[in-house]
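Presented sequentially are two complexes of chain A, the first with chain B as partner and the second with chain C.
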Partner chain A sequence: MTLHMEKGGISRSARRSLWKLSYLQRKCIFSVLSVGRLPIHIAFIMDGNRRYGEQRNLKEGAGHKAGYLALMLMVIYCCELGIKYITAYAFSIDNFKRGPDKVQYIMDLMLEKIELELSKKDSLFSRYGVKVHFSGNMELLSDPIKDAAKRLMVATANNSNTLLTVCFAYTSRNEILHAIQETCQEKLAQIQLQESISEGRISMCNPGQGNDVLKLADIEKHMYMAIAPDPDIIIRTSGENRLSNFLLWQSANSCLISFSQLWPGISCWHLVWAVLNFQRNHYYLEKKKKKQI
Partner chain B sequence: MDFKKETRILYCWIAQIGNLLLRSLWRLIHVIINLCYLTLGIAKAFESYLISWGILRRYKSLQVAKLRYLAIVVESKDACQTSKIIELLQWLADVGVKHVCLYDMEGILKKSKDFILEELDGAILFGEAYENNEIPDQAQMTLEFASFSDGKEAVAKAANVLFMKYLKSGATDQNQEEAIFTESQMAEALKTVGSGGPEPDLLLVYGPARCHLGFPAWRMRYTEIIHMGPLKSMKYGSLIKAIYKFTMVRQNYGK
Partner chain C sequence: MLSLSLAIPTVNTLSPPKPKPKSSLVQTASNQTEIFPSRVFVPNRFGYKLQAATTDVANGKISVAGEFSEEEEELPEGLNKELMPKHVAVIMDGNGRWARQRGLPTSAGHEAGVRSLRELVELCCRWGIQVLTVFAFSSENWIRPKVEVDFLMSLFERALKSELETFSRGGIRISVIGDSSKLPTSLQELIHEVEETTKDNSRLQLIVAVSYSGKYDVVQACRSIAEKAKHGNIQLEDINESLIERELETNCTEFPYPDLLIRTSGELRVSNFLLWQLAYTELFFDQQLWPDFGKDEFVEALTSHQQRQRRYGGRHS
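Entry: the complex of A and B
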């Protein structure tokens, strides 16, 4: 099932039958895929929404709406396949450099879609047991969006089949700096407490003398993405071959896959191809992960 | 009761046959995929020979100046093949690439750095030339050697440097929610701990999978990542093609 069905003027009952048929088709394909090792965490860089709209002469912003639908379909496919963690790169801090009207459109779209999901009794997230989490520097967002995001996280908190992390106002560098800041503040609070107990007799050790105050494990637990394991696969659409400040810390052993298709045109077959490639390289990537530990 | 038992046995047999069919189908799909990759590999090898012999004209004029800093990620078990590494670096020198970072997870290349620098005429260590956060413009080839310890562990060390500065500054009473560290402070701290370096424009992965194997995260924001296949089957033509494709890329940097 693709987005083309939305435009064709097909009747509702015909759409339902087509959806059931495609569901059975996917069930067969996923049964075959499940013979091999399945990834636990798949991340998506949803690139190409604007170009999709421009190529089809759609009105401003229609590409992003199509991109949202593609994300929802991809979440459904991943849930059917049994993927436990899905991460989507929805909006980068770098994207704030775009024109204010373009940024505002995306913010309005995000708000609209969150409110829509919250208003439905039988939303996609409750049907598929998807818990939603927003990762990123939420302080950069306006209060209505922050509030809506929190409400959606609370509303889906009890779902336990799959965790969907939406990276919004996110970059890896910001994530690393934020984690270091949180770690520093935590450590400072500990030191101040210890000093007040021992009446100022604690001495600070200098770093680089084999006795660093801040440990790597402390920093990692404050990462925005500490809620999920490292991704097994990172998929980027629109033919680009870079991570664009996404999951740089977590992607050391991730299988990086690039498709030339623009994001709104992504289909189940792309997911199948990505999983097959992961299965080809799985043994090698597992060996690398074990060496790191 | 016998009928129920027989039905159960029948279902068991059907499930086992079904499982066998699924496994066979899965194996067949992977065999077909491997054959596809083999055919693609042969086609790429043929294309790389055409590029090497100068038959494909568009690869003749390479705008190498666009490639200011190149990183090469190598599988650690292949990093012992220093002759292959030196050959690759000589190809890069011939093409005109001036600044290269060599990375392998376990630091095998770091151990061979003196030998590699000796074998490459005129090449110097990058750190000696890198000042004021700018890539130097010079005729000599510069080499940087990095490993996994220059990634996450270096960030942890840099975090300690920042923490010490933060304590000494006495600004610990500021609003806890405001950002206390900037990206440029982090870059300076990484340089202090010996893991500072420019962001590569292009990263070539020589290994079985397209995976950067822990290349320092701080330095990879907009780096193009290309998978070149195993080091033992590296080809000059494939290298030229990868550099050429990089020079054709246009980035928006988020805009």
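Entry: the complex of A and C
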């Protein structure tokens, strides 16, 4: 029996031992990293899944499955490091431009993974205390996915160690547009209320005053990403150096790091390197701020 | 804080410093307070720039008299004319550090930065780039020491006055974006005059972001939209991405979205510059400090840009 198991690959007990060993190794490295300032929020642009599958001659969609596993591993590493907020760019509104069968595959994969997590008694999210939130224009999604996403958010609502935000059917411009629409609607409603209170007299809000009332915070509170602070680090894989309509508003002061590695191949070392770069930049910025005070 | 040195088994990280084929290199002592010591490559033209800068400061002028060539120059080897970006944006970072490394006052760094900008404008004209946006002064820079801020305001005034004629003759249109209400009145008036004088020029549009913040740009667009909605000029359902684009300060140009953003001095962030507009912009981070950013570095940035595959969320089949 054991021989049969080992014939097919590493045995389960050997896998557990390897995982324990790598956990101890990470614990060592993370405790050293923790001496410096740790980022509170790390965001990931998970680019390169399809190319990963093609390079390894895997069947259609296998790259995205590998990408999902890589995300789960990265969530584990971030939780072990003590990162409070993780955001992952899973599906852009622009990605709807891809072939319908490719889009459908990703939708099916998302649905399958959500249902899998919901069905497990001891899911990764419960074990690590991860609360899941979906950010994006959910109205663009089909009802089964919307429903599954809501159920996962409810199921993990009481977890409080880390917040994982999955950006699905998301673009930053759509997020800003939505926030502006909500803000304008809110301001118009306020003006109409004031007008009705003043019983039909001309509104006390003259144009100049109206402009003074609308502030940055008014827009920010309507952002999908208002649930998390701005990311300290944005990591993009596959060697591209662009934001691709991801967290444009929130990335104003984020450290942008690009790895040539494709997303499914990302490792703990990439995370360590990103945090070290963040600490170096953070130290320099703090020094600059102190000089200006 | 611990000083760490790790051999990371990554294939590539963001813009590693490339060795430059310079004949004279001066390696400064590494900064002991930094975790990763940085090497500084001082190009041959350092001496020329310093001399020119002090001369210009002494004479109260910013630039050496010169003309922009009217002919479009053949591109350097390796650059494809079809793939040249229409709009390049630059975050001109590193003037202060450049000056400190040479034991000069910060003002000398900013003066040298103006010269670098002039060189870049000239290159853009020669190589057919249509829009150049530069981040001259952020809304967050107001917290800098008053002496430095006052110097920068006077530097802008002097630069605009001395370059106005050259830019006019060179067919360069100047636009200034940002919250101009915080600027000295004399500078505001000068900006208005410069914009009016050059508004019909079409060879290159130089957009200078002064007292600018990407978030502020979106907020003022939102205020404008709210005002229109309040007066019934638009309905809430009409608010879309195109409307927002038209209300942003970059509506002064036909190509509001940069194809390429260059940031110098090795900082890996966009620092609140053109947030909405940068959705699909290729980012290029250069280790050189801004006064040292010249033709070679610009060619490197353009070459990198031309090699990239831009998919805008779709797929190349």
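Basically, the second predicted complex is superposed on the first by the 264 of 293 C-alpha atoms of A that agree within 3 Å, B and C clash if a C-alpha of one lies under 4 Å from a C-alpha of the other, contacts with A are read in each partner's own complex, and residues count from 1 in each chain.
Everything below uses one rule, namely that a contact is a pair of C-beta atoms (placed from the backbone, for glycine too) under 8 Å apart; a residue touches a chain by one contact, two chains touch by 3 or more.
Since this is a predicted model, take the numbers as computed values, not measurements.
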| item | value |
| --- | --- |
| Joint occupancy of chain A by chain B and chain C, clash or fit | clash |
| Touching partner for A:Leu214 - first (chain B), second (chain C), both, neither | both |
| Contacts of A:Asn159 with chain B and chain C, given as first, second, both or neither | neither |
| Touching partner for A:Ser31 - first (chain B), second (chain C), both, neither | first |
| First, second, both or neither for A:Ser22, with chain B first and chain C second | neither |
| Touching partner for A:Trp269 - first (chain B), second (chain C), both, neither | second |
| Which of chain B and chain C A:Ser254 touches, first, second, both or neither | both |
| Touched partner set for A:Asn281, first chain B, second chain C, both or neither | both |
| Common interface residues of chain A - those touching chain B in one complex and chain C in the other | 32, 35-36, 92-95, 97-98, 171-173, 176-177, 180-181, 183-185, 187-188, 207, 214-216, 219, 240-245, 248-249, 251-257, 276, 279-281, 284, 292 |
| Touching residues (chain side chain A, partner chain B) in the complex | 31-33, 35-36, 92-98, 139, 171-173, 176-177, 180-181, 183-185, 187-188, 204, 206-208, 212-216, 219-220, 240-245, 248-249, 251-257, 276, 279-281, 284-285, 288, 291-292 |
| Partner chain C, residues of chain A touching it in the complex | 32, 35-36, 50, 92-95, 97-99, 102, 171-174, 176-177, 180-181, 183-185, 187-188, 191, 207, 210-211, 214-216, 219, 239-245, 248-249, 251-261, 269-270, 272-273, 276-277, 279-281, 283-284, 287, 292 |
| Chain B - residues contacting chain A, complex | 22-23, 25-26, 29-30, 33-34, 105-106, 148, 151-153, 155-157, 159-164, 166-167, 172, 176-177, 179-183, 186, 193, 208-215, 217-218, 220-227, 249, 251, 253-255 |
| Of all residues in chain C, those that touch chain A in their complex | 1-2, 4, 6, 8-14, 33-36, 143-145, 214-216, 218-219, 221-223, 225-227, 229-230, 236, 239-241, 244, 267-272, 275-276, 278-285, 308, 310, 312-315 |
